[in-house]
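Next come two complexes built around chain A: one with chain B, the other with chain C.
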Partner chain A sequence: MLCTVVCQMSRSDPKLALSQEVIVCPARVFLLELIPLDAKNVASAATIAPKGLSPETSRVTLARWHLKNANNVTCVSIVAPTLHWRCVTMTRSRFLQGNEACALGGIAAGALFFAGYPISPATEIAELCSNLLPPKGGIYIQMEDELASLAAVVGASLSGMKAFTATSGPGFSLMQENIGFAIMSEVPCVIVNVQRFGLGTGIATQPGQSDVMAARWGTHGDHSIIALVPASVQECFDLTIEAFNLAERFRSPVVVLIDAIIAHLRETVRIPEQVNKIERIRPSGPIEGFQPYAPEENLVPVLPNYGDEYILRVTGLVHDQYGYSSANPDVGGQLVGRLIDKIELYSHELPEPEYTGPEDPDVVVISYGISARSALSAAQRGGRQGLSIGVLKLKTIWPFPEQAVTRTCARASLVVVVEMNKGQVLREVKAAGITRAIGLNRTDIRVIMPGEIISFVKERCSCAGS
Partner chain B sequence: MQAVKDIDHYLAHDKLPHMWCPGCGLGSILKQLLLSLAELQIPREKAVLASGIGCSGRAGDYVSFHRFQGTHGRALAFATGIHLADPRLTVICLMGDGDCGAIGLSHLIHAARRNINITAIVANNLNYGMTGGQYSPSTPEGAITSTSRQGKVVNALDLCRLAADAGANYVARSTVYHIFEAQKMLQAALNTQGFALVEILTPCPTYFGRYNKLGSAVDMLEWLKKKTVPLDLFRKMNDEQQQEYFWRGVLAEQNTPDFLTRYRRKELVE
Partner chain C sequence: MKEWQILLSGSGGQGLGLAGRILATASLHEGLNATQSQSYGARARGGYSESGVVLSSRKIIFPLIEQPNLLLVLTDKAYQKNLNSQTNLVHVVFDSDNVAMSSGQKIYGFPLARWAGELGNEKGVAILSLGVITTLFGLVKSENIEKAIAENLAPTLLKPNLSCFRKGLEVVKCQGLTPINDPA
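Then we have the complex of A and B:
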């Protein structure tokens, strides 16, 4: 039994230098310590709370008591020795692998259904779901192949369960027809692709970042798709939640593109007690004559689930607003147009790229996934060597965040796109108008190291000598 | 939830007439399915018709209840998710013999193996209707199709035997000629807790009938009558005779607990 006090502290507090948590959490930190819940502790903890300080002004502020659900707290961390009182937060920290964080993110987002087929380097996601879902009343099912896995996920979503699957390149290729189907029939679901090296069977356990275009254009036909790219274990958790929310918001499949390094990396992850979840809304209005595919103002329809009195007609054929198939050219044209517009016109709602670096850098490095981690480290080290490098780390890779990219690169003399492929994002950066962008690419399973990025920049940037 | 007594409630009247050719058996199969739903008083909102891609897949356009049409061959895999996420639904898969027996065959075997609580109907017109009469795995050896002008080389695949061997709780076959027998089988299938497969041989006068000179649609029905024998009689035939006939009847009827029952009971997977 525990009682909980949330303590917010500023990062700059030198007293906290000892705490592991300070390094991990970006702006504010939560320090953790277990306190047994009894009347004495509750009282004593209350008396030590600094009075009259707001979270904004205080360096150390006792923010809140959480006496409910306090047994969620699992992690103890070092409290700076000069602090004479103990604090516990509801935000759990766990030391997790990327794949685990992804599975936990999906479950935190409300997923109750996972269908999959084993494949390296994604298998841990399935394994964890097979353990965690049944006790929650959810379903884990191992299907006969990836075609069937995504099909079962789509079916489950239409019956009202948030659902996901996880795979790697070969399985991702097999899923493509059903991804297009899910886009066409507007089925929210999440597909995690833990990218391995190479085409074909590649090297099963080695990393790559070469499924970027497969995620964008793998399925046939004109379409838009949302794809997110975590660069840390924390982002595996956060962006999987985000993926589920976006899937519901846009009623479309969302791809999470992880690479094998991030998927198998272990880092501390903050798992909040409550996550922001978008739940499906039920249609309203008369049941007779209901048109499941009539879009709302934001171009997204409010579809019922199977079993609802509102009747749901789903087909991958071109269909009218009733869901009946149609061969009418106008119906087909408008449908495809709306499916694209409902995402592209609202892409500002998607996670923005994160810029780290000086205000007006000489060099902008655009990267994502494990390569972005190297880029961030390179920028830091390069800074100490007199280089002015800013890093634009993508979180949403599709639709491609053109505006943020052009804005960030506007004045930089050198724009480098760092990725473990032959230049798949580089093409997009150039298409966005940054034609001077150059690529630092690797396709040999080796991670692009910070030193490599620094040398690359030094060789090409006139600013480097200064 | 109101109980439905006649099939009118299940039909999307404004979508009729249907697109099927004159003399096609698919309309009769759909009607028998709807009659079975009415007979069992399955409420409209609790039924889902998941169909494949092909002529038979279009059936979903003519029903007024929940329908699903996925990608070619995958109806059973989609239906697996539909059923598991809401087991209160009555999930029916209507597939062509190409859809279920060629591109989607593994899903049939695994759905039967899992004994998942779905009713599968294969409308077996002995060829690919939608794409213009090519041979399918169920096309009999020697039959003429647009891709076997000299006669099909390989003998026909018996989907029913496969499903029964894989562990389906109920497996039966009939024809559009024996439509009342077919309806009884459909009801039995819908009443089955577990995987049920009903294969219904159906005339495709436009392609299979024309290529094989089987005459009019009515002649094709007569052909189905002549070409099929009850299962017990079939079993007494020698190999050569068996090649000439299709069996009709109930091949499997058992009461093994279905996938979800076992999953929830043991919290075990498969």
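Then we have the complex of A and C:
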């Protein structure tokens, strides 16, 4: 499939925003003119847009819906509200495994460095990187273990390269020390964790979704972290790119939490020729007296690379704005506070959860990864049986999207969190104030099937149809 | 078109994963949507193995096999695993030399592994089965399967696997079986 999508956005004139979507493909030319927001369009936007979103966002969602449903054109443009223009050229549609899409996403985002210790079910990411990176002038290193893997990634990133690693639960445990180091020393990097079942070494290759809390709190000390959860092979590609962009934007490690099912599933992926990339900002100004850790207005510092003319001191110890270690209580308190705030105060920039379902559902199912695919199928099938189920599919899992969750669940009589663990996200939903939420959990390597979700809902919902 | 949930089951080394991938990519050439999953790890190197393919003209929401409506069974173990419960399977294609079917479902038995062996390509049994399945159920055009075989195999392996696939096609035609076009 070869087609080009051109999206026009104008911030100066909201009425014109996304007024035209032009899709050119070999066989035909589409011009999707978005009609002004009349009652009918608002209604149709509301059915597909997450609740509580602004009409502007709904229009973007509506445009995406039009694109998805246009015959032979299934590309979706991700339109950032801050962009005036965005041009995406779709050149290829490939049938890929989740892991392959993840590796290709990293490379598309500009990664030229991968260091890792292959482990199933993440092995294909290392394998593909070992094939693809060297011909591009990039570097692939098979390290002696996962501690060294992330250490190498941190080093590469400090020297200016976009770098990533991929592992599974056992390796993720070994990486925790260096994740903390990367957060403390503000090193952008991406860690892909293809979750397998269990603690310890679990069951190799079999799926689980039980590293959610390990991603959040695996490393010691107060901190914030960004973690994304793909639910399709396309999202493995898209969210890995997003992870690299967020790593640069926030100067922080970003975790991509895939589950073994999505990682090994094959689906069609649309790979654009160009993707939206955030490149690293380099400092300017006098070298004398330069304070690398002095934050900008958004609380993120502009750090030089190793080898630049600026001096960069890197330490896992509490440090002042020059990078000198410090035991000063004020310095320690402010640094830890800033490292948290630079992410938490800007969490609205992270990928929003996607709501699918009726406007006022009786039941809201919150899920992610392969379990979200089951939930979506259950909601569709349940709808035919008279059940009113909406699904909130998470894309960002950390920081937890509390506001979207509380907004979506506000009026639902039943809130079910579907996940392949003992209730790790359920805790967060309850902590967000939805104390009536209940969990549909499974921890036995078997995927939670759509039929199981329907039965679960029927048993517990007095509002359930026949 | 209703959604096809096709489960190819047998033992590791029979090429079930590859056959699933070929079927899925062939259906993409016809403008259908497809997803493919397969058993992974130790299973893939012997013992029970399976590959699932979902085909649909619509967007596929749940990508795995929940209730297969077309099942290929190449070994007795696969039969025990997939047909011993109260499964409500619609169509079953099985290896008549290796599986003792006792089910009253709509079944089609052929000595699939023996034929592949006679063609000197025992590992081509899943691809031979694809020939049977695609003709019997009208899933995708045979030329698209052949195109997908070429895309998924090294050139040196192309000829023996194409002959397996064509053998599967011929068998159904020779037996005068009429294609079934929709999963019930």
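The working rule: the second predicted complex is superposed on the first by the 374 of 466 C-alpha atoms of A that agree within 3 Å, B and C clash if a C-alpha of one lies under 4 Å from a C-alpha of the other, contacts with A are read in each partner's own complex, and residues count from 1 in each chain.
Definition applied: contacts are C-beta pairs under 8 Å (C-beta built on N, C-alpha and C of every residue); 3 or more make two chains touch, one makes a residue touch a chain.
Predicted model only: the values in this text are computed from it and were never measured.
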With both complexes overlaid on chain A, does A:266 touch chain B (first), chain C (second), both or neither?
second
Identify the partner contact of A:183: answer first if only chain B is touched, second if only chain C is, both if each is, neither if none is.
neither
Exercise. Is A:426 contacted by the first partner chain B, the second partner chain C, both or neither?
Worked result: neither
Larger residue footprint on chain A, choosing between chain B and chain C, goes to B
Give one of first, second, both or neither to describe whether A:111 is in contact with chain B, with chain C, with both, or with none. neither
*Which of chain B and chain C A:447 touches, first, second, both or neither*: second
Original post:
What is the contact status of A:243 with respect to chain B (first) and chain C (second): first, second, both, or neither?
Top reply: neither
Interface residues of chain A shared by chain B and chain C, listed none
Chain A residues touching chain B in their complex are 112-113, 115, 130, 134-135, 139-145, 147-149, 151-161, 163, 177-178, 181, 305-309, 311-317, 323-325
In the complex, chain C touches chain A at residues 21, 24-25, 28, 31, 33-38, 40-42, 60-64, 66
Chain B contacts chain A in the complex at 12, 15, 44-46, 48, 50, 58, 60-61, 64-71, 74, 77-86, 88-89, 106-107, 109-110, 263, 267, 269-270
Within the complex, chain C is touched by chain A residues 72, 93, 95, 120-121, 204-206, 232, 260-261, 264-268, 370, 373-374, 376-377, 380, 447, 449-451
